[in-house]
Amino acid sequence: MIDDTALMAIAAARRLRDGEACFVGIGVPSLAALIARHTHAPGMSLIYESGAYGADPAVLPMSTGSPSVATGAACLGDCTLVFGELQAGRIDVGVLSAAQVDRRGNLNSTVIGNYRTPKVRMVGSGGAHDIASLVGRLVIVMPHDPRRFTERVDFVTAPGLGEDGRRPVGTRGAGPVDLLTPRAWFTFETGEMTLAGLQPGMGAVAAVEGFSWKVPHAEDVVELAPPTGEELAVLRRWHGKVETT
Amino acid sequence: MRSIVASTKLKSLEHCAAEVADGDTVFVGGFGHAVPFALGHQLIRAGRRDLTICRSGADILADQLIAAGCVARVVFGWIGNPDIGLSHAFRRAVADESIDWEEWTNWSMVLRLQAAALGVPFLPGRVLLAGDTPVQLPDLKTVTCPYTGETLAAVPALQPDVAIVHAQRADEEGNVQMWGVVGDTAVGALAARRIVVSVEEIVDGEVIRASPNLTIIPAHRVAAVAVVPWGAHPSYVQGYYTRDDDHFRRYGDVSRTAEGTLAHLDRWVRGVDRERYLSMIDTGTLVDEATR
Amino acid sequence: MIDDTALMAIAAARRLRDGEACFVGIGVPSLAALIARHTHAPGMSLIYESGAYGADPAVLPMSTGSPSVATGAACLGDCTLVFGELQAGRIDVGVLSAAQVDRRGNLNSTVIGNYRTPKVRMVGSGGAHDIASLVGRLVIVMPHDPRRFTERVDFVTAPGLGEDGRRPVGTRGAGPVDLLTPRAWFTFETGEMTLAGLQPGMGAVAAVEGFSWKVPHAEDVVELAPPTGEELAVLRRWHGKVETT
Amino acid sequence: MRSIVASTKLKSLEHCAAEVADGDTVFVGGFGHAVPFALGHQLIRAGRRDLTICRSGADILADQLIAAGCVARVVFGWIGNPDIGLSHAFRRAVADESIDWEEWTNWSMVLRLQAAALGVPFLPGRVLLAGDTPVQLPDLKTVTCPYTGETLAAVPALQPDVAIVHAQRADEEGNVQMWGVVGDTAVGALAARRIVVSVEEIVDGEVIRASPNLTIIPAHRVAAVAVVPWGAHPSYVQGYYTRDDDHFRRYGDVSRTAEGTLAHLDRWVRGVDRERYLSMIDTGTLVDEATR
């Protein structure tokens, strides 16, 4: 039961706070937000780009417009409402994943390779660029797959930090602050991805195994607490249960 | 007195699709919810060509329109098969350079449509100012706020020639009601010069007028309405039927090859009328799920 | 029963066409639109700035947000929806009244006298400036009160035509095309208010009695047809019946 | 599981009004419908001073706030007593130079609020370009579209410190539902830094979540909610009670003089609690009318 997804999602859930407005993407980001809302953050509001506030999906949605997003939501506005609130600086935190992340916390979901003649043409930004540009702070979840971690992403879909380690001109909010994988917790306080914690039983070498650059360590690299019984019980309500077959 | 009906907007599915001409810029409604598959499939059957299709997040209906050769250009914020994978027909069309595209973000696409709905040539936005997305939009301009001196993106209006929209219900006059996820459907429709709509059912004007806050498009903006039950399948319609997730998954598999995609279109679209289509889906299960 | 209001409202109703989207103000404008909709223009949509489309008030509303506007409307959006549609050039015709009108069809509902130190401080624009600036064409209704007709209004709340008889830069639509009073029908085709028709039995002198400037006549000044039985029957449903006491 | 309530936003009317501080810019909700009279009257009772009040069309609640000496400045598109006459307290305050004001139009006021709700410092508009209204706005700027070269009004954002809103219902978390005429209430509330709300009734979260399309303000934007039945009287609440037109007419008469206005405030506001207020209105007739 404590698979990679569970480790990532639970660790990410702990980075979310009660009472926050939380803009979430599909997949592990939704799972992380749901765990938080149903453990330590009952007053957190899940926001989807389709216009839903206070969503409480009974199964993990496959689309931001899925039935589980709509049914039981506290508010169904439209895209203009949620992105307007985002642009006005009123959404505290976003949770996103992507195909690639780099040492500055930039996310790529657009192309692998060259933009016009790509090796892999992917899905593009969706709301990712908008959320990363505007949200209060960004929590990133990524599977531990070395190909997904690069020193510089092929295409900056969603801006993190610039080459100087600071937020690019034109963005708002703190940008990426936490990156959770099944092996580790990284932060960006110093302006670049820094190992800050290890999942239970994981070593510092394994945490960055296969990464193409040397990831700095925080002064104190902590060991993350293992998932609690409550967290796992909550996780089981959604994990592996995507929308109906 | 309240039931005066001037003239009916009620037309066939074929008539509605015929409102879309070759070369048109078409807004495709449906944000995960109420995607106008039946209208889109009719465009494929009618052999429509050289369309520019636009919306924020484009799902497998866009992929099918591309695979069928209807599309010259896509203007989008996202294109794929939600939670499943890529838009393979788009991917192939990019690879063989048979399609043009313009790539924005979901919010900037909504702003483009909102600008057109508001009748202004641009709206200022706080996105498209960093990262590589604006780099790929060489014609994008900025605007300086005359009060604060801030630089904002000048997000240009996008006025579709026609919007195709599916919704829960309408009256004969053409007042269209939708609830559940609205996404960018209302703003995209209102941005367009013409709007054609399919609905699950036509109801009396009295029903519409009993809950006017649910009307997302007023009648005078609507060119034609077709009654097409299950017209959003395999997406869903809140209160009518749920999402056929398996259908999206199967399409994710078969669309990996051009042959698989065309075989899917042969099976589900070309030469298939609505009766045949409905006989191929397990409507009972999908309706039951919706009532959970 | 055929009082001044009835004559004005019925004459104005005849300037509205079936199938049009019609942006209406409170009072005689609403009455005119209702008569049209319930006689020759059943497919006309009454639009109020409060967000209502296809309104069909059972009693004459006192406010654009009144119960009679909401109840039975085909669509209740918000101000952004209706004014957005107006700004996008999608509303065919507007019907307005005002405290003053001038020979260029400019309307004043802001001040009598000087702006900062007025003789009478009135209600201001509301949607009048917006409608007059943007609607396809404007139909004006005014009681026959010479003080209300001036060569130049004290304050141009809602722009009609400029001193050159053309629409001012920055406006859209045709501007004022018809002005109905209990005595006459005026048009603006030549760029200024021109007597085009007379209410039944009314003379050309009486039509402009008390006006401070010489109002030109059209080549053919027609006599308007008297109110029909149908028009009067429809009128009676609303006339004198404002919202509940 | 779905009824998790984190913390209640439910407060007294007095607490809600105390969210408005002296000197605040206050958006007053209610476009003819659901005007927050109870909240506004509580501001008068609390002796709030130096407020800037703003909205598109301002009715007799604005007049009463001015008469009571709460208001230093009005920012409006229209001010009066609908279909009855002038805002006499405003008229007198203009005459004796005891008030400052800034005069827009209803659409430009909505655009100002919309800009703040969207987090941008201005929105382009096609109004305020002709006539005398823009002449009286010396700080108003234009903006040139970087695509078309057109000149548009640069309508500046207006961010209220606080919005006071009345609506049909909310849950304890603060999700606010309104139907019927919305006008500029939602956009004005969302534009503000803080939102305080009075409602006809508090309902269970389940009720809200059964019709989420009616929620105009999501909970996390709401600072406090008070249950105040008849809180919009003499305006109305769709589905609850109708408009007390006679009350507006009587106010139109008495407000012609300063003395008459103050006597009205003494009778209906100052030293009058809600129980007393309700005993003075013919609630039976107004409810009956609403069900017609």
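Letters A, B, C and D mark the chains as written, and numbering starts fresh at 1 in each.
By definition in this document, contacts are C-beta pairs under 8 Å (C-beta built on N, C-alpha and C of every residue); 3 or more make two chains touch, one makes a residue touch a chain.
Since this is a predicted model, take the numbers as computed values, not measurements.
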Next item on the list: Using the touch rule from the top, work out which pair, C-D or B-C, shares more C-beta pairs.
Entry: C-D
Margin query: As a quick test, compute the distance in whole Å between the mean CA positions of chain C and chain D.
Written below: 28
Checklist line | Mean-CA-position distance for chain C and chain A (Å) | finding: 56
Checklist line | Cα-centroid distance, chain B relative to chain D, in whole angstrom | finding: 36
Checklist line | Whole-Å separation of chain centres (CA-atom averages), chain B against chain C | finding: 39
Item checked: Residues within chain B bordering two or more other chains -> 119-120, 125-126, 179-180, 182, 213
Margin query: If I count partner chains per residue in chain C, which residues reach a count of at least 2?
Written below: 52, 70, 76-77, 80, 86-87
Item checked: Chain-level touch network, classified as line, ring, star, complete or other -> other
Item checked: Chains that touch, pairwise -> A-B, A-D, B-C, B-D, C-D
Checklist line | Contact set on chain B toward chain C in their complex | finding: 1-2, 4-7, 116-120, 171, 173, 175, 190, 205, 208-209, 212-213, 215, 217-221
Margin query: For the complex, give me every residue of chain A touching chain D.
Written below: 18-21, 37-38, 42-45, 52-54, 56, 70, 72-77, 80-81, 84-90
Notebook entry, point to check: For chain A, which residues count as touching chain B in their complex?
Noted result: 26-27, 49-52, 61-67, 69-71, 76-80, 83, 86-87, 106, 110, 115, 118, 120-130, 132-134, 155-159, 162, 168-172, 242-245
Item checked: In the complex with chain D, residue positions of chain B that touch it -> 119-126, 141-143, 145-148, 150, 152, 154, 156, 179-180, 182, 211, 213-214
Margin query: Residue numbers of chain B touching chain A in their complex, please.
Written below: 30-33, 56-57, 59, 76-80, 82-84, 86-87, 90-91, 94-95, 103-108, 110, 114, 125-133, 136, 151, 179-187, 236, 238, 242-243, 245-246, 248, 289-290
